[in-house]
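Below is a structure I'd like to ask you about.
Per-chain residue numbering starts at 1, and chain names A, B and C are given in the order in which the chains are listed.
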Amino acid sequence: MPKKEERMIDKDGVRIDGRKFDELRPIKIEIGVLSNADGSAYIEQGKNKILAAVYGPHEVHPKHLALPDRSLLRCRYHMAPFSVDERKSPAPSRREVELSKVIREALEPSIFLEYYPRTSIDLFIEVLQAHGGTRCAGITVASLALADAGIPMRDLTVACAAGKVEGQLVLDLTDEEDKKGEADVPLAYMPNLGAITLFQMDGQLTLEEFEKVISLSLDGSKQLYQLQKESLKAKYVAVKEDVEE
Amino acid sequence: MSMIIRVKQKQIAQLMSKGKRLDGRELKEHREIKVEMGVIEKAEGSARVFLGKTEVLVGVKIEVGEPFPDTPNEGVLTVNVELVPLASPTFEPGPPDENAIELARVVDRGIRESKAIDLEKLCLEPGKKVLVVFIDVYVLNHDGNLIDASAIAALAALLNTKMFKYEVEQGEVKVKPGYTPLPMQNYPIAMTFAKINDKLIVDPWLEEEQVMDARLTITIDKDEKICAIQKGGTGYFTKEQILEIANIAKEKAPEIRKLVVKD
Amino acid sequence: MPTFYEQRQLVTPGDLLAEGNYIAGENTFKENEKVYATCIGMVEYGERKVTVVALKAFYIPKVGDTVIGKVTDVTIGGWIVDINAPYPALLRASDVMERSYRPQKDELSSIYDVGDLLIANIVSYDRTRDPLLTVREPGLGKITHGQIVEIIPTKIPRVIGRKGSMISMIKNETGCHIFLGQNGIVLVRGKNSEDERLALMAIRKIENESHTSGLTDRVTEMLKKEKEGETKNA
C-alpha cells in the first residue's frame, strides 16, 4: 500500500500532468521525415517520441519467405537504449518481440497486401523516448508512414489506450499512471469499419468498467484520427499545388 | 507453414453459418478437458492438461533469487513457453519465437494481474532475497488453443506446488524440514474465442485456428473481474463482439475453474 | 448519388468519397455501396466513376511502358534489371542475341554488365511473374552516355511544364536531350558532361521548388548564370 506517495488524481479530477480524465496528451505529428525510407512519420505524444519508417513493397529477402498471393508485412518495434530511465539493452526484449507481433497484426487488416504478391513491406517503429502508451502511438505513426509511402489502405489505423487510475477511468495513460494504476487497455481502431485490430489489457476491471473503458478509448481514438488526417493533408497540400501547375 | 485446404475452409464456414462445427461441437462449447496434477516429482509443482487433443505440461520450480528493484518486498514470477518441436510439424527447434513469447506473456499476465500468487509472502529478506517462481510451459501436442490449455495447466501446477520452508538466519537462507504450499489467492481462467465469418466460437481447434480471422483471449479471476486480454490474428473485432465475448467468458469461467480448483 | 468532396480536393486513405452506384476507379475501393480512397491524392469524380490521382506513388510495371533500368546481375539466361519497382525485371539473353548460343556467363556480361543502364520496354508482367523486358525496338538498349536522376513520379509534370515549356527551355539552354522513363527515372544526354550537369541541376531545382510559382523563369535564369560563369572561367 502506498505510504506517503503523491496522489495521481486530485480531488477535482485533475491528473498529475494537468489533464482531465478524457484528455489526450499534447500531440505533434510530422510526415515524411526520412529521405531514404519509402514512407516515414514522427510523433510526439506527451513525452513519447516515436519514429516510423516503411520500406516497400519490395523484393523479399530471404526469398523463401515470399507469399504467392500477397505481400509479407514485417514489423519491428524497438526501443532505443536511452529511451527509458534505466538504460535498456539494444537486444530485442521479449516485450519488444510480443509488441512487434501485435502491432503487425493491428496494421495488417488495413493494408491491401493482396495487390503486391511476392513482395514484402517492412515497417520499423523506433521509440526514441518512452513515457507510456508507446505501442499505441507507434501504431498511429506507423499508419501515417504507410500512407506516406503511397501504400494503399482501407483506412488509417489509429490507437489509444484507456484505463483505470485511483478508481477513476482515464484516457491515454502516462508511464506512471500505467505503473501505479489499476488497469491499462491499449486499443487500435479502423473507424470506417468499426474494427478493433489491437486489444489487450493488464490490470483488473469489472465488466461494467470494461465497457466504459472501451468507449473512452474509442472516443480518444476518433480525436486522434482527425489529427492523423489533418497532418497528412497539411503535408501534401504543397505537393498538390505544384501538380496542378 | 501447413496450408489449409480450400474445400475444408468452405466446409468449416458453411457449418458455422448453421451454428455447427466440424467436430460436432456447439459454437460456445469447449472440448473435453482433463487435468492431472503432480506428474513430475522432481518439480516443486506440475500439471498436465488435455484440451481435446492439445496437450500441455507445466512444471514449477522455485529458487532463491533477488527481487526486482521496484518491488523489493515481492517474490519474482517468470513464465517461459517451449513450443517443443515434437508437438507439431510447424514447430522448429531454437529459441522461443514470437508465438512462444506471446503465449508466455499472456499466461504470465493472467497470473500476475490477478495476483494469483501472493508474491509478498515469498519475500525472505526485503530488497535482498526472495523466492523466484519459474513456470515452464511445455507444449507437447498442438491441436489448437494453446493459450487456454497452457493457462489451465499453469494454474493447476501452481496449486500443486509445494515449496521448501525457507528461513533467513544470520544473512543466510536455510532450508527447514517440511513443505508448505505456494501461497495462492486467486484463480485466473483464460478463455479464447475465435471469429470465423463473423461468428464467434469458443476454444478453436487447430483447423479452425487456420481459417479464423482473429482470436480474443479474456482472462477472468475468481471475483468475475477481467484481468488480462489479448487479441491475436490479422483480423478484427467490433466493440459489440468484444462485449459479447467478455460476457460469455464471465459466465463460463467458473465451470472451468472447478476442474482445477477443488475446494 | 451523394459525393462528399469537391473535384480535385485532397483526400486521405479511408476518406468516404461517394455513396451509391459509382464504379471504384484507381486508388479507391468500394464496400457496401460506399467508395473510399486508399491513398493520399486528389479525388476526381467522373460520370459514373470515382478515382484518386495519387500524390505519392511507387512505380508498378505496366506492359508497354518504356523504362530506364540498371543491370544488377548477370545470370545464365540473361540479366536482372532494377527498374525502380517492387519487382526486379528480367531481360532474356534470347531477346538480345540473334543466333542461338551456348549460354556462358562471361559472354553475356560482355554485352551488358552489372551497372549498365538500359532503356527497355516491358513486354509482359502479371501477378505470378516478374516483369519481362525487351530491347529489340529502335531507341532501346544500352545507354552509353548521359546521366540519370530519380524523381518522384508526381514531379514529372513539373519537369515537362505547361505544354512542354519547361523541358524545351532546358533543352535550349543546355543542348541536352531529356528522356523521362515511365518508372520515374530521368535520363539526361548532352554533348558533354558539363551540359549534362547543368540539365541535372535544373531538374533538381525543379524537384525541390516544385511547389512555387515563376519556376520556369528562375530555372532559366540559373542556367544562364551558370553558363556565364563557365565561359568566364574557361
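One rule holds for everything that comes next: contacts are C-beta pairs under 8 Å (C-beta built on N, C-alpha and C of every residue); 3 or more make two chains touch, one makes a residue touch a chain.
All values derive from a computational prediction rather than experimental measurement.
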Report task. Work through the pairs of chains, note which ones touch, and then classify the graph as line, ring, star, complete or other. Result -> line
Query - Core chain by centroid distance, with centroids computed from Cα atoms only - result: A
**Report entry** Maximum centroid distance from subunit C, chain identifier (CA atoms)
**Finding:** B
Query - Centroid distance [mean C-alpha coordinates] between subunit C and subunit B, Å - result: 54
**Report entry** Length of the line joining the C-alpha centres of subunit A and subunit C, rounded to whole Å
**Finding:** 34
**Report entry** Centre-of-Cα separation between subunit B and subunit A, whole angstrom
**Finding:** 27
Query raised in the report: What are the residue numbers in subunit A that touch two or more other chains?
Result: 190
Report summary line: subunit A partner, complex, touching residues on subunit C are 8, 10, 12-16, 27, 29, 36, 38-40, 42, 53-58, 86-88, 127-128, 154-155, 157-158, 162, 210-213, 215
Query raised in the report: In their complex, what parts of subunit B are in touch with subunit A?
Result: 96, 98-99, 101-102, 104-105, 109, 112-114, 214, 216, 221, 224-239, 242-243, 246-247, 250
Query raised in the report: Can you list the residues on subunit A that touch subunit B in the complex?
Result: 94-95, 97-98, 100-102, 105, 108-109, 185, 190, 193-207, 210-211, 214-215, 218
Report task. Note which residues of subunit A are touching subunit C in the complex, please. Result -> 38-39, 56-59, 68, 110, 112, 116-119, 147-156, 190-192, 228-229, 232-233, 236-245
